[in-house]
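Below are two complexes that have subunit A in common, paired first with subunit B and then with subunit C.
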Partner chain A sequence: MSNWIEACAPDDIDEEDVMRFDHAGKTFAIYRSPDDEFFATDGLCTHEHIHLADGLVMDEIIECPKHNGRFNYKTGEAKGAPVCVNLRTYPVKVESGKVLIELG
Partner chain B sequence: MKMGMVIIGAGECGVRAAFALRESGYEGPVTLIGAERHLPYERPPLSKDTMVSQDHPARRTIAAEALFNERNIAFIGSSTASSIDRGNKLVKLEDDRQVPYERLLLATGAIPRALPPATNSRHCFTLRSFEDALAIRARLRPGARIVIVGGGFIGLELAASARQRGASVTVIEPQGRIMMRGVPEEIAKVIDTRHRDAGVEILCDTGAVSFTDTVNNVAVSLSNGNVILADLAIIGIGATPVTALAESAGLETGNGIIVNDRLQTSDAEIYAAGDCCIFPLALYGGRRVRLEAWRNAQEQGSLAARNMLGAKEQYQSVPWFWSDQYELGLQVAGLPDEGKQTIRRDVGEAAFILFHLAGDGRLVAASGIGPGNSVGKDIRLAEMLIARGARPDPGQLAASNVKLKSLLAA
Partner chain C sequence: MNSASFTMPTKRDYSLIGRDARLAVETGLAAAQWYHTEIPRKEMKELMKRSDGPAIRDTAIWLGCMAVLGGLGVYFWGSWLCVPFFLGYGVLYGSASDSRWHECGHGTAFKTRWMNDAVYQVACFMIMRNPVTWRWSHTRHHTDTVIVGRDPEIAVMRPPDLLRVALNFFGILDAWHAMSDLIRNAAGIVSAEEKTFVPEQEQPRLVQIARIWAAIYAATIALSLYLGTILPLMLIGLPRLYGAWHHVLTGLLQHGGLADNVIDHRLNSRTVLMNPVSRFIYWNMNYHVEHHMFPMVPYHALPRLHALIKHDLPAANPSILHGYREMIPAFLRQLRNEDYFLKRELPATARPYRDELHSERAAAAE
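For the complex of A and B:
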């Protein structure tokens, strides 16, 4: 069953930036890409559980603010040391002025 | 035995190098020789999480054993390389085994600098390895009295951890303030205040001159004539590069194994990287530095590996390190002492960044402090500006409402 949750409005996030979203005791990161698409991943770095929303978005990469571990936020792929475990990603859609994230 | 790539030292640097050889497509033998018995692990947590975690602390390994197997990296633990026969291109191990090399990387790291009057005390400790960390941790009990000699990163991180464990702490710093090396005064002050608020006693301009053991205590005599009775003393006065192996092989050494900008030693077949080497930084006019920083060790390891395979890359990274004390996160990119002018930028209410500009307006360093990771993103952007040799407008750097990312696009 799909479970679409309203996370924010599109303009809450700048282009090429990220926002933290907490829901039901879990934390997520929602991204707006430079070409104005939205993506979502788990909110914490897989190295030391740091909030990725404090990190830097460059193109399709989110860089952890703690030790600069890099992930592709579109696929969740860890891009090498110090991060070696991928991030979980979630489907996102924009509907009637809302960014929705599907938390299966 | 077939010749291949050999790495001595299985710390952050050596491990990164081993994996980078494979990532670059090298298919010959890769041998990683390490004196420690554990699978290679991260050192930064040793003064932080390892000290304060509720549970019995675990080592955080740099790569799982399965990954070493998958990449066909032969890790030889508990083995110290005792000599290098450069003529026959052989590494000799303490147990008389011999490993032939085509190219060799020295990633032997650093060890805590010894304080001669403390070396014979049973109650004095230093911190570099996981075993060191466990020994200190076991003594950080509520009410324990701890003297920390040296107000550098490791000493101060340990001071914060010891307070969190309920021990009482005195820090002895021979210089006029804590963190003289690499951290500007304005930031050191924030950290100094935080420690004092936590109840740490910090004595500057004071040296520890002698250590006298009793069965359970150590009496630390200070240069100002006072004596502090403590349950343990931790010596954190910096680190010395491990160069003996390189020296005995006739390689050039100074304050570290001397390498060129491709991390090659005076023998073109032998490279050195990480905490053990002293290298020229192109970004600062070829100034020779030795860093003791985690990311530097990783990046140099990777680059040395590519150069061992013939890449001829110049090392150009911007120095970067972090430190965590209490809830505060400190990050420094570049070399602040290259700056002539300092611009302050506030980040929210509790955090700030100092930008250090050279006489010609070039951004040469940025240092920031604040709760958690509040400065991480901006320090990273500053680092990119530094790497480009940018001359950002000081007014814009100071203005919190001007995004640093926009300066990068300029």
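For the complex of A and C:
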């Protein structure tokens, strides 16, 4: 059964940027791509427990602020050292002026 | 007289698989949450922004100067006139490569990924640091900066081995260890300590690169023997010795004499204002507190970052000489009491240190 949760409003995130979203004891990262699409991943880097929302979004890449580990935030793919484990991604939709994330 | 006068200094165990390594994990010093100055997101994004321009310019100057100085050194080889050219070439090879390795390892110097990677590989070769091993050791250095038993890049351990420090101004021990590691890795052996920070899937590449480098050095030595001159080695390999002094001069200031086992870079790192030539060679790593607090900020933006957060940091040392005038006496004092360190004073505008997060060894600082 799907479980769509309201994360934020679209304007809460600048284009090509990321914000942190905490829900039910977990932390997520919500992204707005340069072409104005929204994506969501787990909020912590898979290398160490660092919040990705403090990192840098470049095109479809999120770079961790601590060790510069890079992920494709659209697919969750780890793009090389020091990150070796992919990031979990979540479906996102924008409805009625809200960004919703499906947590399953 | 403070309480430290009555207690025996604590012997540190710097092994990555030793007592202090276990203690750091047990006490929460490993992979801890570190202090950082608050910066509005918009300003932080501006500071983190990547560009190719500054690094392309600096790399062209760096490699261009090396070509000219190396060429003139070769041209004047056999006369004393070659000496100043090799001295300059050596610093660009054996010292500037240190900062290029570092910045490109972070992936922040260039916006374009392959440019970072290309300069990283070249600089790693010059500074004799296996690009795989050192990428991971530096990752650990940023996770556990100057945490005893966790940080593999502590330049001056306590009590300080000042002979080792002096020898390294000429790269002697570093190059010896680098060559020993190179031969060991080329033979397919990854040490137990390396295994603590290099993931298993990365280890074959570590060995592969060691073998390629061993082949390059073997070819250079063979060419020297064939030609009956050390000239090829003056261009490849030896500059890591005769040109190392500048990166040691600046690198020692990064953490030398400051606190260990703390989780606030204001206490264990040092920002030093220095002349523009040294800053070029060092690629602005003199802003070292800022770099550790925000490793995502490229070297060319560090002066702007410094201006933005200096209200929250200890005052920067105004010169290299000033830094040494405080660091050398601290080293000498640590010979008698290895718990001693320089406690950095914060300005009135700064958020205070959270002493409860730091080691009880803070009592040893005056």
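Here is the rule we use: the second predicted complex is superposed on the first by the 104 of 104 C-alpha atoms of A that agree within 3 Å, B and C clash if a C-alpha of one lies under 4 Å from a C-alpha of the other, contacts with A are read in each partner's own complex, and residues count from 1 in each chain.
Please note the rule applied: a residue touches a chain if its C-beta (ideal position, glycine included) is under 8 Å from a C-beta of that chain, and two chains touch if they have at least 3 such contacts.
No experiment lies behind these values; they were computed from the predicted model shown.
Participant: On subunit A, do subunit B and subunit C fit together or clash when superposed?
Facilitator: Subunit B and subunit C clash in the superposed model.
Participant: Touching A:9, do we find subunit B (first), subunit C (second), both, or neither?
Facilitator: The answer is neither, since A:9 touches no partner chain.
Participant: Between subunit B (first) and subunit C (second), which does A:49 come into contact with in this model arrangement: first, second, both, or neither?
Facilitator: Touch status of A:49: second partner only.
Participant: Is A:68 touching anything from subunit B or subunit C once the two structures are fitted on A? First, second, both or neither.
Facilitator: Both partners.
Participant: Between subunit B and subunit C, whom does A:85 touch in the aligned arrangement: first, second, both, or neither?
Facilitator: It touches nothing on subunit B or subunit C.
Participant: Share the list of subunit A residues that count as touching for subunit B in one structure and for subunit C in the other.
Facilitator: 54-56, 63, 65-68, 81-82, 84
Participant: Please name which positions on subunit C make contact with subunit A in the complex.
Facilitator: 31, 41, 44-45, 48-50, 106-108, 111, 132, 135-136, 139, 142-143, 199, 201-202, 294-296
Participant: Give every residue of subunit A touching subunit B within the complex, in rising order.
Facilitator: 16, 50-51, 54-56, 63-68, 81-82, 84
Participant: Which positions of subunit B touch subunit A when the two form their complex?
Facilitator: Going by the criterion above, the answer is residues 16, 19, 42, 62-63, 67, 294-295, 298, 320, 322, 329, 372-374, 376-377, 380-381, 405.
Participant: Could you please specify the touching residues of subunit A with respect to subunit C in the complex?
Facilitator: The contact residues of subunit A facing subunit C are 17, 47-49, 54-56, 58, 63, 65-68, 70, 81-82, 84.
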